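What follows is a pair of complexes built around chain A, which joins chain B in one and chain C in the other.
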Partner chain A sequence: MAMAALRREGRRFAPLLSPRPIAGVRSSVVSEEDVPFGARSISTQVVRNRMKSVRNIQKITKAMKMVAASKLRAIQVRAENSRGLWQPFTALLGDTPSVDVKKNVIVTISSDKGLCGGINSTSVKISKALHKLSSGPEKETKYVVLGEKAKAQMVRDSKKDILLTISELQKNPLNYTQVSVLADDILKNVEFDALRIIFNKFQSVVSFLPTMSTVLSPEIVEREAEAGGKLGELDSYEIEGGETKAEILQNLAEFQFSCVLFNAVLENATSEQGARMSAMDSSSRNAGEMLDRLTLTYNRTRQASITTELIEIISGASALEG
Partner chain B sequence: MTLNLCVLTPNRIVWDSEVKEIILSTNSGQIRILPNHVPAAIAIDIGILRIRLNGQWLRMALMGGFARIGNNKIIILVNDAEKSSDIDPQEAQKMLELAEANVRKVEGKRQTIEANLALRQARTRIEASNAIS
Partner chain C sequence: MASNAAVPFWRAAGMTYITYSNICANLVRNCLKEPYKAEALTREKVHFSISTWNDGKPEKPVLRSDTLED
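And now, the complex of A and B:
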């Protein structure tokens, strides 16, 4: 009777434990496949091994969370400082994301390392949606991909549309010179009417907004300025410091692109650290919960085996007596 | 009537306050900006920015960028900017010598251009740290 009750309890635990997946951590709960069919209960050794591995995983994810938190603090300051950079450009040239252009180039910024939550998939999803939106007769859209994670996802189905991929951005700490060299590279090799930069803007430690910044090429800026509207004010500005207005506008567009790219890269890096921190935090919390339940199972198993031994001894002794 | 001047670099804000007038050096010469200037967008070359406030002139070395003048509000965006008080004369002199030596020994079009740029930057820094007038 006691045996049957114990067996029933063991089976009851398995479905309780399984439906709670741990983010990014692959581990299966003590399940019935581990126990050879016909055995009376789960062995304590198996449970102990499982507990050991879950505990190790919890330590690792806790450490990763601390590392991400400290990196976040440092880079958040820089990202906020760089926000003031592109605002004058928007004030001067206006922000017109809905300008209709023939050649769109989408610059997708992502991270190189994984375990950072869903930010890379959202960037890729938005890039693909944008690609669909801005394709049509006479219009073409191409990609420039920064970062390994987006590259891996996009190479699968949009390989022919990718113009340029750049990885290992964060090997050296990010600084403006490096990003301006990168911007220079992109500008040299890519023909575009409008550049759309897609990145995750850092709102707070738990919220990251996928954002798109638009940089128009100088010819389009001229065209829009003549057409009036927001960019029409540009004409009222006197342009000095160069031979021709076109040359200044060209320089302005390049400078704008490198400033916007710098800000975008910094914000994305900040979002990456924040996302990694929260992913690792939920991982360690889940591992802790799993550990609690495993401890309960372990204790019951241990007590069950002690009870079994006792019963055997007592029944053996009573059989001997009489 | 004063101008509101803001000097920004990619890493930080270098200057943000009210000034009386400024002198910029652009690709086509030096320009002096007084209050109530017409709105303008100006390309700035590697050179000295002179700021006048409280009857005194301050110097800053700018490494190229843009200036936008709105109604009495000037925003200068440059790749790098250093106040003359922040520049150490000895260090600036050493950089100048390094840059000069570099210019003499490099070859290849791109390197010569870069070396020349570095030389001009070093010279600007020396100028800024020197005559504090």
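And now, the complex of A and C:
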């Protein structure tokens, strides 16, 4: 929004900023709105108002960048620590993104607040691409949307395919209990063969990688186990306790979903703060450049009006003498 | 505490493994002593608003906001 406001300011000022002789500048400035009628000198009020508003915007975006940087530090540590939650699952069950299933549910994770650059749009773009990729005869793909921003974009053209939307997730600091209750709700309300979780993985402060994690339902795990590979080796494990393999797979699938969702939510929150930091940084830089251009124009206008007054005084004086 | 029955007691009661492990975690957190206990219990706060969609229309969102939904 700050970017759009700055762009609007720039466009309004574009005719004045093109290199034209001073007379040309004067006429276009005088034709602006709040020059009082009958004034002899050019008013610099318009330019001064613009400069004040651009300076305020710059201060705000700088402050938002600082806030995002401090939040980033805290949550980055937690996101990196939570990576250890799903790694054992991948070591045990493998990762099969290309599995062919009938019922796909795409869980798209996004932020509730805006001004965070393009990360929400990339998540939505990838979700829609995945939807197209996994549609076909007898196949069904539905969405579960976390976060207001993705909901707003999805509602425009994929309303029929949305199963659940969740918001206000970040009101309290993110914790595992909250995400696991959420995962529980999703599992209870949704039938799926495979869950695809789409989020932005945090690589570094400037790079966020859109990622997809796959969690299979226990029946599909059984089916894939017969096909061999990592899952086929599950039978070589001994099962302790009184539970059957199907029981254990059920528990593992639920817990895997909860862990993967927790990590995904944390990583997305970290990416959100990083993207907000860089968006606000480029916004402040643009505001600074705009302020420089406005200052030059202000000085030119001011000098032009001084010159005009001098000319009038001198010509008045010489008219008296002569 | 798996019983001899085919299904563990909590699954027969309709809970998923996630709910079961959350209850167990809650019990462990309640065993802590005072300053750590308050800190640990802040890590259990749940707040989100979920709304199911039927055929393109959202129903009224349900706010789940409590410490631990057991």
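Convention: the second predicted complex is superposed on the first by the 279 of 322 C-alpha atoms of A that agree within 3 Å, B and C clash if a C-alpha of one lies under 4 Å from a C-alpha of the other, contacts with A are read in each partner's own complex, and residues count from 1 in each chain.
Following the convention adopted for this analysis, a contact is a pair of C-beta atoms (placed from the backbone, for glycine too) under 8 Å apart; a residue touches a chain by one contact, two chains touch by 3 or more.
It should be emphasised that the depicted structure is a prediction, and the values quoted were computed from it without experimental measurement.
In the overlay built on the shared chain, the residue A:A91 is in contact with chain B alone; chain C does not reach it.
Touch criterion not met for A:G322: it reaches neither chain B nor chain C.
Of the two partner chains, chain B is the only one that A:S82 touches; chain C does not reach it.
Of the two partner chains, chain B is the only one that A:I239 touches; chain C does not reach it. In the superposed three-chain model, the partner touching more residues of chain A is C, compared with the other of chain B and chain C. Legend: residue contacts after superposition of the two complexes on their common chain; A:N251 is shown touching both chain B and chain C. Judged by the touch definition given at the top, the superposed model places A:F262 against chain B, while chain C stays out of reach.
Applying the stated contact rule after C-alpha superposition, one finds that A:P137 touches neither chain B nor chain C.
Looking at chain A, you'll find residues 175-176, 180, 241-243, 251, 255 touch chain B in one structure and chain C in the other. Partner chain C is touched in their complex by these residues of chain A: 159-160, 162-169, 171-172, 175-178, 180-185, 187-189, 241-244, 247, 250-251, 254-255, 258.
By the touch rule above, chain A contacts chain B in their complex via residues 78, 81-82, 84-85, 88-89, 91-92, 175-176, 180, 234, 236-243, 248, 251-252, 255, 259, 262.
Those residues of chain C whose C-beta lies close enough to touch chain A in the complex are 2-4, 6-8, 11, 16-19, 21-22, 25, 43-53, 55-58, 61, 63-64, 68-69. Only residues 8-13, 26-28, 31, 38-45, 65-66, 68, 70, 75, 77, 79 of chain B touch chain A when the two sit together in their complex.
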